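Report on the following structure.
All chains are identified by letter, namely A, B and C, in their written order; residue positions are counted from 1 within each chain.
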Amino acid sequence: MSRLARLLGFLVAVRAAARAAMGAAADRREPRPAPESDFDPRKRVVPSSRRAEAAVAVLLLLAALFGVGFTVIYVGLGADTQLLGVAIGGALCLLAAAAIVAGKMVVPQETAVEDRGPLLDEQQIETVVEVIEAGAEGISRRGLLIGAGGVAGAALVTAAATPLASLGPTLSGLHLTPWARGIRLVDDQGRPYLAQDIQIGAFYTALPEHSDPEAFGAGLLVVRLPANFLHLPAARRAWAPEGIVAYSKVCPHAGCAISLYRYPTYAPTSQQPAFTCPCHYSTFLPGEGGRVTFGPAGRSLPQLPLMVGSDGYLHAAGPFHEDIGPSWWGVHRSES
Amino acid sequence: MNLIERHVHGRFERAGRTADERLGVMGGIKWAMRYVFPDHWSFLLGEIALYSFIVLVATGIYLTLYYVPSDSQVIYHGSYPLLQGEQMSEAYRSVLDLSTSVPAGLLFRQVHHWAADVFIAAIVLHLMRVFFTGAYRKPRDLNYFIGLTMLMLAILEGFAGYSLVDDLLSGMGLAIAYSVAMSIPLIGGQLATLIWGGPFPGSSTFWPRLEIVHVLLIPVALAVLITMHLAIIMRQHHSQFPGPGRRERNVVGTPMWPAYALRSIGLLLAVAGVLFLLGGLVQINPIWQWGPYHPYLSENGAQPDWYIGWLIGALRLMPNWELVIGGRTVIPNPFWGGAAFPLAVFGVLFAWPAVERRVTRDIRRHDLLDRPRDRPIRTAIGAAFLSWVVIVFAVGSTDRIFYRLGVSYTTQIHVWRVGIWVIPIVVFFLTRSVWRSLQQSGSHPLRAWQGEVVRRRPDGGVDVIAESPDRSEPERTEPPVGTVPGREFRV
Amino acid sequence: MRRLLMRWFTRRARVPRVLRIALALMLGSLAIVGIAAPRSSGHAGVPSEGGPGAGGTEFNPPTKSPEPPGQGNPTNAFPDSPALRAEGFNLYQQSCSSCHGMSAQGVPGVAPSLRAVGPGPVDFYLSTGRMPLEQPREEPQRSSRAFTRPQIDTLIAFISSFGGPAAPTANPSAGNLALGFHEFTLSCAGCHQIVARGGITVNAQIPDLQQATAQQIAEAVRMGPYLMPHFDAGQIDQHDLDSIARYILWTRHPTDLGGWGIYNIGPIPEGIVAWFIGLLALVIVARLIGERTGEET
């Protein structure tokens, strides 16, 4: 019952706020504009201060000194950024001071009044409209001409905009990554990863062998998880040979590289292993198929199936089963 | 002295004749020199922005002479030891070389970047002045829209500018911009691949295009808009605060020549001076410390420049909602914070003059400004809206707050998800009540009440019935008995 | 007291009463929130599976163990003798056994066993003041040491007597600064920030490394304290480690070519400078040039 009362009270308050915002009562009325007064603000004061003039002269000369200093430092004293900045910045500030002192204390200080003049001129509007209409005097098929002109204009505007379509390729490339079955995982120096190299509690950045490392879908995060942290869906159990899992390094929220990995030293008093993206702190669980546990990411981190080759090296067991990186209209999301 | 004066006089006359014979401008020059500017200091904020723009163009021209818009990968063998042998794009290397090996190169780079930060800050401050004094009302609503457009362009321009460098920080930002473009419903994927020339990080044509946008397209657009902005001001004359002798139909202030021109030039020189001092003494965007960008790298605590801070706050704050219908992702998550939020903010700003006109039913022309206390509701709504945006902006730094003060990140996010709605409401009521009482007491927010209370006689003269207290007396904070609040007539 | 309060509330002043009350309420609630807000704690988001083999047995191992320094790599030899071990035993009983168990076997749900960790982690946690912890679920953070160096050596001797890998070490002057920057960017900057100014994750604070010594860096890299992952010699070899240590020490005084580095954390302090130094200076100039309200003549 009290909850209902509180809700009602809240609604009343909201309504009052809305009414207030709509300017109820006295505030809607404008304050009456100040009446025309007899006060004449015009004046002219000639400062004639020799001290101010001297000050301006001194400031100008000091500015000149700093300006020369800039050239000297640039040419002869190693062009140190800080000294250069002080020299030219100082020169400009001194010049500014000279101009301001001159503008406030040396030249005549005048307050003048100017009339704004009207903007709206009904007379002129009428005349202009008449002139426009006079220009169409004698034309009989106005409708036809205006319609034809409109069609021509629309066609030309469309034509002018069409070359924009050639600016870029179509969307087909968005579903592609360099990863496919058999491609070996290598580090950023091109050295391939042996499955036995992957330690529990460490994380590795992997790239596709013989492929452009700058491709968006290239980066992978590889970790090994012990059985008690590994809870992959049944369909994906084969993706994690020896408990080694691989995920796209590109955050499916806004495309940053995921570079934070937490692995507890003692799990009961801290947290389970997770990847976190440093941009907006989306957090993903590698042990649960990249599920999002915090943050704005709207879908889970795509997982790459892995296999261990007969040579002991890690290979991709297939491509990604969903699109990596940020979502868009046509993004392929994971089924699970 | 007399000889020099006569000589100078002769020179001026000859120069004037030369120009007038060819251009016929003497009438215009006379008009310009006698042109009256009202003197209030807050009218100079727009000029600070304008002069920052001039510094940006000047230093920007210098920078284009060194920048290489190319993502071809090269190996660095320059003078900075920590990047020896490192792979980077040519764009990054060109800026690195400029910063480490060209005399005064780093100075101009830093001045340019500081000028960009100050430019947009000045615009925002100017916008606040325009809003809280009601200067956007007819006939200045057109100019107000031009100003808002310039603000949007300036933000885009700044982002494009520091993204050209292709360092780790700005590269991460570009990926996020790409994701926001992708997130636009229906057309996002096409739009993003159109702009980038393919999936991120884009084709090699992206960099020259970004450079042209930053160096030509937006600066020209800004220059045109600035010219229109100034031309409209000149045509309409600047607005002014009410005061002695100031009416709706006149302008009271200082004529352009000589005092105002000198002060304006002084402000230009001061802006340039402060920016060059900052550029030399305070480091900004030390790209050699960030290293080059690669899509598989990132760092903790990466932030965009301050004027994009409201967007990172919004992106961090949003819960992970994505609208998926029938397997199609209609609204990906970055859309809310990265596109819908700024569109909403600018939408409200653009719509405001029409909303106010509708609510106050005031369609007259206004050339006298309001003091914020004359309009407590507008001031309160403006303060509330500003607080909403500012809080979202502040959320962008919650990581640093967690780091310094230990308040957990997830707690902060959960608190602020509610706070951004509650606090503006509180701010609205607070501001309204404060400004209402200021309006009634008539006092200046920072000073005691000042002025005279007069009554108009039937014959047109005035009787002074009360005066503000002498400074030596203890301060009075309310107008004397017998006056009607809100109806004092200032003399 | 009441009189003072009443006077403050009822005094006619420029600041209207409603504002004063609202201000008091806001400050009060802020204070309450500030006091009550939880400090970051690594609160357990884990279903109580513990680590491998936990619960019910005497053995309570850590979830991840320190990596050995690697074949042929230099190690740091800490002083060792039966006397030291005996002293360490006594000190251990007073200061550590309540969480880590009487014979370093750990207490399930409280603290891991220390039996196979070796000298490295002991030196790291104690010399950085991260241990002893007030509460088991707190995040261990660098603070003033609870023990003197000789005391730490005794504890190291005691714990090492249970076995475990030797302590790694790093020699910064043997490292290559460019290689260190490269490796740090790839493996460390995601958490520690590109110039080691620290950062956060969900939900733990990540330290800046400005006070880390080369020895502590080596130990941390090989063991992965708290939530930090660890890196074995196969992933980060000794030369990489020396280079990373050299780079981290370099970050104490990075190359600030542009002037004042404003903490080297990027656009947040830059924005503060732009508004509160740059724009503020120019607003002051504008105030000097223009007139203020009420001064019109």
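Definition applied: contacts are C-beta pairs under 8 Å (C-beta built on N, C-alpha and C of every residue); 3 or more make two chains touch, one makes a residue touch a chain.
The model shown is predicted, which means the values in this text are computed figures rather than measured ones.
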*Once you count every C-beta pair in contact for both, which comes out on top, A-B or A-C?*
A-B
*Look at all chain centres (mean of CA atoms) and spot the one farthest from the centre of chain C.*
B
*Measuring from the mean C-alpha position of chain B to the mean C-alpha position of chain C, what distance in angstrom results?*
38
*Can you give the whole-Å distance between the Cα centres of chain A and chain B?*
16
*What is the distance, in whole Å, between the centres of chain A and chain C, each centre taken as the mean of its C-alpha atoms?*
30
*asked:* Which positions in chain C are in touch with at least two other chains?
replied: 186, 189-191, 199-203, 257-259, 285, 289, 296-297
*Two or more other chains in contact with one residue: find those residues in chain A.*
41, 81-82, 85, 96, 100, 103-104, 111, 188, 205, 257-260, 278, 281, 294-295
_Multi-partner residues of chain B (each touching 2 or more other chains)_ = 106, 110, 244, 246, 252, 263, 266-267, 270, 274-275, 278, 280-281, 297-302, 399, 409-410
_Residue numbers of chain B touching chain C in their complex, please._
39-45, 48, 80-86, 99-100, 106, 110, 114, 117-118, 121-122, 125, 168-169, 241, 243-244, 246, 252, 263, 266-267, 270-271, 274-275, 278, 280-286, 288-291, 297-306, 309, 371, 397, 399-400, 402-403, 406-411, 415, 426, 430, 433-434, 437, 443-444, 447-448, 450, 477-478
*Please name which positions on chain C make contact with chain A in the complex.*
42-46, 48-52, 54, 62-65, 67, 108-112, 136-137, 186-187, 189-191, 199-204, 223-232, 234-235, 257-259, 285, 288-289, 296-297
*Which bits of chain A are touching chain C when the two form their complex?*
41, 43, 81-82, 85, 96, 100, 103-104, 111, 188, 197, 199-205, 226, 228, 257-272, 274, 276, 278, 281, 283, 293-295
*Where on chain B is chain A touching in the complex?*
34-36, 73, 103-104, 106-107, 110-111, 139, 172, 175-176, 178-180, 182-183, 185-190, 192-201, 203, 235-237, 242, 244-255, 258-263, 265-270, 272-281, 294-302, 312, 315-316, 318-322, 324, 327-330, 332-334, 337-338, 359-360, 362, 365, 367-368, 374-377, 381, 399, 409-410, 425, 428-429, 432, 436, 456, 486-487, 489-491
*What residues of chain A sit close enough to touch chain B in their complex?*
17, 20-23, 27-28, 30-37, 39-41, 74, 79, 81-86, 88-100, 102-104, 107-117, 119-120, 164, 167-171, 173-174, 176, 188, 205, 207, 213-216, 218-219, 249-250, 253-260, 277-282, 292, 294-299, 325-331, 333
